[in-house]
Amino acid sequence: MSEPIFDTILITGAAGNLGTELRRGLAPLARRLRLNDREEIADLKDNEEAVICDLSDEAAVIAMCEGVDAIVHFGGAPVEKPWQEILDSSIRGSYHVYEGARKHGVRRVVYASSVHAIGFHTLESNIDARSPQRPDTLYGVSKCFVENLSSLYWDKFGIESVMVRIFSSFPEPADRRHLWSWLSFDDLNRLVTAALTAPRVGHTIVFGTSDNAIVPLDNRLAGHLGFHPQDNTEPYRAAVETRTPVPDPHDPTVARYGGAFVTYPHPDDDGTA
Amino acid sequence: MSEPIFDTILITGAAGNLGTELRRGLAPLARRLRLNDREEIADLKDNEEAVICDLSDEAAVIAMCEGVDAIVHFGGAPVEKPWQEILDSSIRGSYHVYEGARKHGVRRVVYASSVHAIGFHTLESNIDARSPQRPDTLYGVSKCFVENLSSLYWDKFGIESVMVRIFSSFPEPADRRHLWSWLSFDDLNRLVTAALTAPRVGHTIVFGTSDNAIVPLDNRLAGHLGFHPQDNTEPYRAAVETRTPVPDPHDPTVARYGGAFVTYPHPDDDGTA
Amino acid sequence: MSEPIFDTILITGAAGNLGTELRRGLAPLARRLRLNDREEIADLKDNEEAVICDLSDEAAVIAMCEGVDAIVHFGGAPVEKPWQEILDSSIRGSYHVYEGARKHGVRRVVYASSVHAIGFHTLESNIDARSPQRPDTLYGVSKCFVENLSSLYWDKFGIESVMVRIFSSFPEPADRRHLWSWLSFDDLNRLVTAALTAPRVGHTIVFGTSDNAIVPLDNRLAGHLGFHPQDNTEPYRAAVETRTPVPDPHDPTVARYGGAFVTYPHPDDDGTA
Amino acid sequence: MSEPIFDTILITGAAGNLGTELRRGLAPLARRLRLNDREEIADLKDNEEAVICDLSDEAAVIAMCEGVDAIVHFGGAPVEKPWQEILDSSIRGSYHVYEGARKHGVRRVVYASSVHAIGFHTLESNIDARSPQRPDTLYGVSKCFVENLSSLYWDKFGIESVMVRIFSSFPEPADRRHLWSWLSFDDLNRLVTAALTAPRVGHTIVFGTSDNAIVPLDNRLAGHLGFHPQDNTEPYRAAVETRTPVPDPHDPTVARYGGAFVTYPHPDDDGTA
Amino acid sequence: MSEPIFDTILITGAAGNLGTELRRGLAPLARRLRLNDREEIADLKDNEEAVICDLSDEAAVIAMCEGVDAIVHFGGAPVEKPWQEILDSSIRGSYHVYEGARKHGVRRVVYASSVHAIGFHTLESNIDARSPQRPDTLYGVSKCFVENLSSLYWDKFGIESVMVRIFSSFPEPADRRHLWSWLSFDDLNRLVTAALTAPRVGHTIVFGTSDNAIVPLDNRLAGHLGFHPQDNTEPYRAAVETRTPVPDPHDPTVARYGGAFVTYPHPDDDGTA
Amino acid sequence: MSEPIFDTILITGAAGNLGTELRRGLAPLARRLRLNDREEIADLKDNEEAVICDLSDEAAVIAMCEGVDAIVHFGGAPVEKPWQEILDSSIRGSYHVYEGARKHGVRRVVYASSVHAIGFHTLESNIDARSPQRPDTLYGVSKCFVENLSSLYWDKFGIESVMVRIFSSFPEPADRRHLWSWLSFDDLNRLVTAALTAPRVGHTIVFGTSDNAIVPLDNRLAGHLGFHPQDNTEPYRAAVETRTPVPDPHDPTVARYGGAFVTYPHPDDDGTA
C-alpha cells in the first residue's frame, strides 16, 4: 500500500499515550492526520494538523469532522472518573463525534472501547463478541454507551464502526494481569489499521490483546478484520513474575477481566462525604 | 397477599399514562406509594405521597429515595426527543435514580425499558433476552444505557433490577402493529408486580406484550419472574383491520420491532437547519 | 376480517386431499381462489376458478400466476416417488411456480414443505427452525430444494415465503406415530391462514402439527406467525392404541421424525433389478 | 388405555414417600408392580409383589430385575447423607440397578434425579437440559453419576432412560421456595407415566415441577415426553406467604436452584471432628 | 504415504480449470485417476483414463462409477447459468453421480460446493458450518441441492461426503474480494486430499480459502479434516490494490460473501424478453 | 520462572507412565514433589518424597495432602477395569483426594480426566468443553464422576480444578487413531504446567492432544490456560500408515472419539459366565 487510502483521518485523544502511538502507526494510511485533543499536541509533523477542543464542545467537535474520511475516536476519559467527567467527555463527547460523522458524511469510525465494557465476566468464560456487556465502572458504562450509539448510527445512518475493546495497552506489561491482557503499541496500530482498511466492517466488536500465551477470550467473530497480533508478553514474563506475587484466583481482580476496576469504589464517593 | 410486602415503593414518571396505571396496580403491594414527577400529580390518595422534581435534579432525586424499598422507574422521556432532553431526563435522570438507590440501600429497581432498545431486529428473528441490543433512536440508546448501568449496579453494588422492555402500552391497540405489540395496562401491572415480587431477579431483561395471537419474541429467559399476561388484542382486531390498510412487509416500520421509530429522522434535525 | 384481504390466491395441488381442505379454509381470505391441478377439480364454487396443467409445464405455470396476490403451493409429488417424478413435479414444478411469482409480482408464497425435509433427526432432539435439514427421501430432498430456492427468491427478489413443514395431515390419526405428528385439517387451515396474513414473514420455516400431547419439536422461531393449533389427538388415542402394537423405540421408524420414510428403499430400485 | 402396556414394572424405593405415590399412580400401566425397598412395604395390593433388599446387595438387586419390563428407580439416599451412605445406596445401588437392567433385558429406566444435580445454577439462568450439571451436595453428585451411567447404558447397551430432575415433591408446598419448585404427587405420576409411555426417549433429561406461576427453567427439550403438569401452587400461596418471611435474593439458598443444599456443610463433618 | 491409498479415484469436471489442478494434486493418492468431462481431456498420463460423457447422461455416469473407490465431483456448471443448464448439469448430473456411488459401492465423495451456497450472508457474520444456507443464484441453489442430497446418501446409504465450499480458486487473486476469498490451487489440492484421507468424515461441510490475512468465517467444525492452507494473498496485495479501487462496504457485492453473484439478474432473463 | 512457585505439589499415580513423565516435567514448579502410588516409586530424587498407599485408603490419602499447595491427580485405574476396581481406585480414591484437598486447604487440583468421558461423540462433531459428557466405559463414567465432584468442590469449597481430558499419551503414536489423538509427554507436561500456573482456572475442562494435523475438537474455552502444544504426529505418520490398514469410517471405533473403548464388552462379563 504505497499510496495512502484515506485523504484525512481524524484522531481524537491524539495527545494521549495511545493517540501518540496512533500518530506514528496510522501515518501511512492517510495524506493527513487531523489530531484532536483538549491539550496541546507536541511535535506536529508535516502530515499532521491539530484541532484543540474539548469533546464536550459540540460545535467544535462537529466542525472538526468536516472533510474527514475516517475517525479514530480515542478521546474521552481514559480510566474511571467521577460521573460528570465521564458524562462530558465520554458520553456527550462521543455523541458529538458521531454527530460530526453523520453531518459530514464520515464513512467509518474506529472507537477505543475497553475491556471494562465486559469487565465483570470471569476469565474462564472466554467470551466472544456476542456475549452480553457487563461493565465494571462508570467508565465501562460509557464504553457500552458508545457501543450502542454506534449500533444506531450503523443501522440508521450507515456509518460503519469498529469497537476495539482494548485490554491493557502500555509500553510494557507491568503486572501479572498484563501478562494476558497486554496489547503492545505495535499491535494496537495493527488492529486499528485492520479496522480502518477491512473491506467491510458494518458494526463490529473486537477484543484487543497481543498474541500472548494466555488469551482468555474468543475473537473468531472478527475474522473479517484480519487482525493478527505479532507481539506477546513472554519476553517480560520473568521480570514481572519476579517482582510481583502469585495472584489469588479468588480475588475478583484476578478472576474477572476488569482487574482492579471491578472492586473500585464508586468514583463520586472519592474524597467527599 | 393480604399484607403489603413493601413499606414504600417509589414510582417515577407517576403523572404519566403508565405511571397513573401503576398507582392503581401497585397499591396492594406497599403501605405507601411515593410518586415522583416533574408535573403535579392529581388526586393523591391516602396511601400516596408526591415528590415533584425533575429527574435531572441529582440532589432531589437522591433525597427522594430515602426510606424506599423498591423503585419503579418509569420517568424520563417517553418517546424520541432531542438529544439534550434524552440526556437530561433519561441518561442523567436514570443515573440519579440508581445513585439514590445505592445511597439509600434500595434493593430492587424495575425499569421501563423499551422495544426501542432492540428496535432494529426484524420480527422474524424472534429474539430472546440474550440477543444483542439494537436501538432504533436516541430514545432507544438511552434505554440501552440504563440496561447497562443497572448491570453495573447489580454486579458491583448488589442492587437487583428488572428491565421491562415495554412494547406498546396504551388503552387500546391503535394500529396493525399494536395487534402484536400491545401490552394492556392490566398486563403491565401484572408484569411490574411479578418483577417486584419474584424471589430473585438479579439483573433480568423481560419483554412486555400481552398474550396476543402474534408474539414475535421469546420470553423463556424470564421464567423466574412468573409473568403471565391475560389480555390480548383479538377483541380489537376487526376494528383495527377495518380502519387500517394491510401493511407492506418490506416497509421497515413493518419489518422491524421498532415500527415507525426505525425510520425517524434524527431528532436534532427537527425544526432547525 | 369480514373483507377478504386478497383479491386472488392461487392454490396448487388443489385437487389433492390437502388442497381440497384449503379450498374450504382459505375461501374467506380472498375474493377468488384460483385452483391448479393436473387433474380435474370437482365442484367448482362461485369464488373458484380452475387452471388445469402439470407443474412441469413452465409456460402454463407462469401464466397462471398472473393477477395473483399470494400462492399456496401444495402441488407436486405428495410422497416418495421415482426421481423423474420428483424432478418434474416438485423440483422443476416449484421452480416454475417461483418464476411465475417473480414475473407476475406475487408477494408471498406458502409452501407445503414436510417433516421429510428433516426426517432423519431423532425425536428427542426436539429441533427448531435453525436445525440443519436432514431429508429422508428424494421427496424430502425436493422439499429442501424449495426451502433453499425460496430463500434465494426472498433475498434477491423480495418474495416472502413460509415453508410449512407438515408432519401428518389426514382426516384422523391412523397410527401411533400420528398421535404426535398429526395436523388436523382445521389446524392446517389455521396455519396457512396465519402464514398468509402475518404482517411480516420474510423467509420463515414453521413446523405443522396439532396441539398434541407430545410435540417433539420447538416452534419458538415462528412466533411472528401467530399459529395456535386447537385440535389434538387425545380423542383418537384409545382407538389407535387398541389396534396398534406398542412401538419399539430402537426401530428407526419410531426413533426418527420421518417414520417409515427413513427406511424406504431407493425409489428407483422399485420393480426393477 | 384400558389394557396395561407393561407386564411388570419394578419400583425401587417403593416404601418411601414418592414410592408410595407411584404405587397408586403407576398401577394402571402394568399387570404387576414389583416393589423394592430395604424396609417392609405396607398394605401390598393384589397387583403388587415385594422384594425387600438393600440396593447395595448386588446379587439381590440383579435378581429382582428378572422379568421386568421397565424400572422406576426411586431408591437410594433421599437427601444429603454421609459419603458412605451416598456411595452404597445411590452410586453402588444404581450401578446394580443398571446391571440388573442390562442382564435381564429391561428396556427402559425412569430415574429420580434431582434439582440438586444442577443446584448451583441461579434461578435467573433458566437452564435447559443441555446446561452443564452443577451439583450442590454429594447427593447431587450421585445424581450426576447416574445421569452419566445411564448415558453409557443407552449408548452402549441400548437401554433407554429418563432422568427426572425432581425439584420438590411433597404433599403441599411448605415454604417460599416450594412456591416455584413444587411438584405435586399427581404431577409426579403424570411425569413418570409420560416417561414410561412416550414412544421414544433415548437418554432424556427432564425437569420436574408443577405448572406453577414461576417456572425458572426451560423444558423445551423434553417435548417428546408429552408431560403436561396440571397442578400449581397458587392455592397454597397465601398460607405460605403469611407464615414465612420475604426471602432475601442475595441469600444463596434463594438465589440458586438447590435452596438450602447449596450452603450445607460437608456431611462427613457432621457430629465428628 | 509412499503407497497410494486408493485404487481408483474418479474426478468429474476433469477438463476444467480446477479439474486440471486436481489431476496433478491427487495423483499420489491413487493408482489410477479416472477422468470425466464432456469435453476431451488433454495429455492423459499413464495413471489416467478418460470417460467422456455429459453428467446428464444417467447410464453413462452410473457406469463410470464402477470400480471406483472415491469420487471427486467437480463437474457441472461452474458459474451462474440458465436454469436448464443448472438443472441438467448440476442437479440431474449430481443425482447421477450419487446414484453411481450408491450402485457401485463408492465409499466417499468430495464435492465442489461453493461460497454461493451461502452467498447472501454478510462478511461480518463470520458464519460456520451450522449457519443456514443462503444461496445467491440458481448456481448456489444447485450447490445447496447437492449438500442436501449427499446428506440423504450419508444418512440412508452410508456414503460419506465432504462438501467443499470453494470461495475463489484461480491462479492468482484478481480483485479486492479475492484478497480474502482466494483459494490457491495448491491449497485446493491440500483440502481435497484432506477430505479424501481423513479417517472419518460422515457428512462434512468445510469452507475453502487459503490462509489469507482476512478469513471472514469459522472453520472450527472441520477440525477432523486436518486442512491447513499454506498459501495466502499477501504477495499479491500491492498489485491488486494498485489496480483496483477501494471497495464500498455498502455495496452488496462487497458486503456479502457471494460478491457479484448477489446482484446478478435472473439468468433466464439474459438476452431474451 | 527461576523460582519454583509452589512449595509442594502432590502427584498421585506417580509410578505410572504419565506420572513418571510428570516428575520430570513438574520439577521446576515446586521445591518438593510428593509422589504417591500404591507401588514403589523408583529412583527418588532429592526434590522428591514418596507416599506409598492405595487411593482407597481414605485416612492415608487425606493425610498425604497435608502441606500440599497443589495436587496433580493422575492415580486410579488407567483403563477400563471391572467395576469394583473402578469404584475403589477412581471413584472412592478421587473422593479421598478431594477430601484431602478440602481438609488441608489445597487450592488447586489438576485431574487426569480422559477422552473416554466423551468417547461416544463422533469425530465430526468437533465438540467443545460445553458439549455433554458421553462416557464410553465404566472408566469413562468414573472420569465424569470426578468432573462433577470437582465442580461441587469448586462451587462450594472454592477449590479450583482443571479437568484434563487426555486423549492418548504414549511415547509414540502407535496406530492410526493416535495420529490425531496423541498427546506427547512434553505436551502433557506443558498442559499440566499451564493448568497449575494459569492465574485463574475456576472449574475448567480442557482437551489434551498435541498440535496434530487433525484435531477434531474445539479448545477455545480453555484460552485462559494458555496451553500451546508444540509436538505433532507428522514425524510418525509414514511408519504408522505403512504398518496399519486404512480405517473404516463406519467402524464405531473409528467414528467415535473413544476408539476401541466404545465397543468394549462390559468389564464384569470378562472371564466369567
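As written, the chains take the letters A, B, C, D, E and F, and residue 1 is the first residue of each chain.
Note that a residue touches a chain if its C-beta (ideal position, glycine included) is under 8 Å from a C-beta of that chain, and two chains touch if they have at least 3 such contacts.
These are the chains along with the protein names UniProt gives them: A, B, C, D, E, F = NAD-dependent epimerase/dehydratase.
Just so we're clear, the structure is a prediction, and the values are computed from it rather than from any experiment.
Visitor: State which chains count as neighbours of chain B and simultaneously of chain D.
Guide: The common neighbours are C.
Visitor: Which of B-C, A-B or C-E has the same interface as B-D, meaning more than half of the contact pairs match by residue number?
Guide: Interface equivalent to B-D: B-C.
Visitor: How many Å are there between the centre of chain C and the centre of chain F, using C-alpha atoms for each centre?
Guide: Distance between chain centres: 52 Å.
Visitor: In angstrom, rounded to a whole number, how far apart do the mean CA points of chain D and chain F lie?
Guide: Those two chain centres are 32 Å apart.
Visitor: Between chain C and chain D, what distance separates the C-alpha centroids? Give it in angstrom.
Guide: Chain C and chain D have C-alpha centres separated by 41 Å.
Visitor: Can you pull out the residues of chain B that are in contact with at least two other chains?
Guide: As it turns out, chain B has residues touching two or more other chains at 220.
Visitor: How do the chains pair up in terms of touching? List each pair.
Guide: Per the contact definition above, the touching pairs are A-B, A-E, A-F, B-C, B-D, C-D, C-E, D-F, E-F.
Visitor: Which bits of chain F are touching chain A when the two form their complex?
Guide: 1-3, 5, 107-108, 158, 160, 198-204, 220-226, 228
Visitor: Help me check something: in the complex, which residues belonging to chain D touch chain F?
Guide: Spelled out, the residues of chain D in touch with chain F are 83, 87, 91-92, 95, 99, 102, 120, 130, 132-138, 140-141, 144-145, 148-149, 151-152, 155-157, 262, 266, 268.
Visitor: Quick check on the complex: what are the chain E residues that touch chain A?
Guide: Contacts found on chain E: 122-124, 126, 176-177, 179-180, 212-218, 220, 237-238, 241-242, 246-247, 249-250, 254-255.
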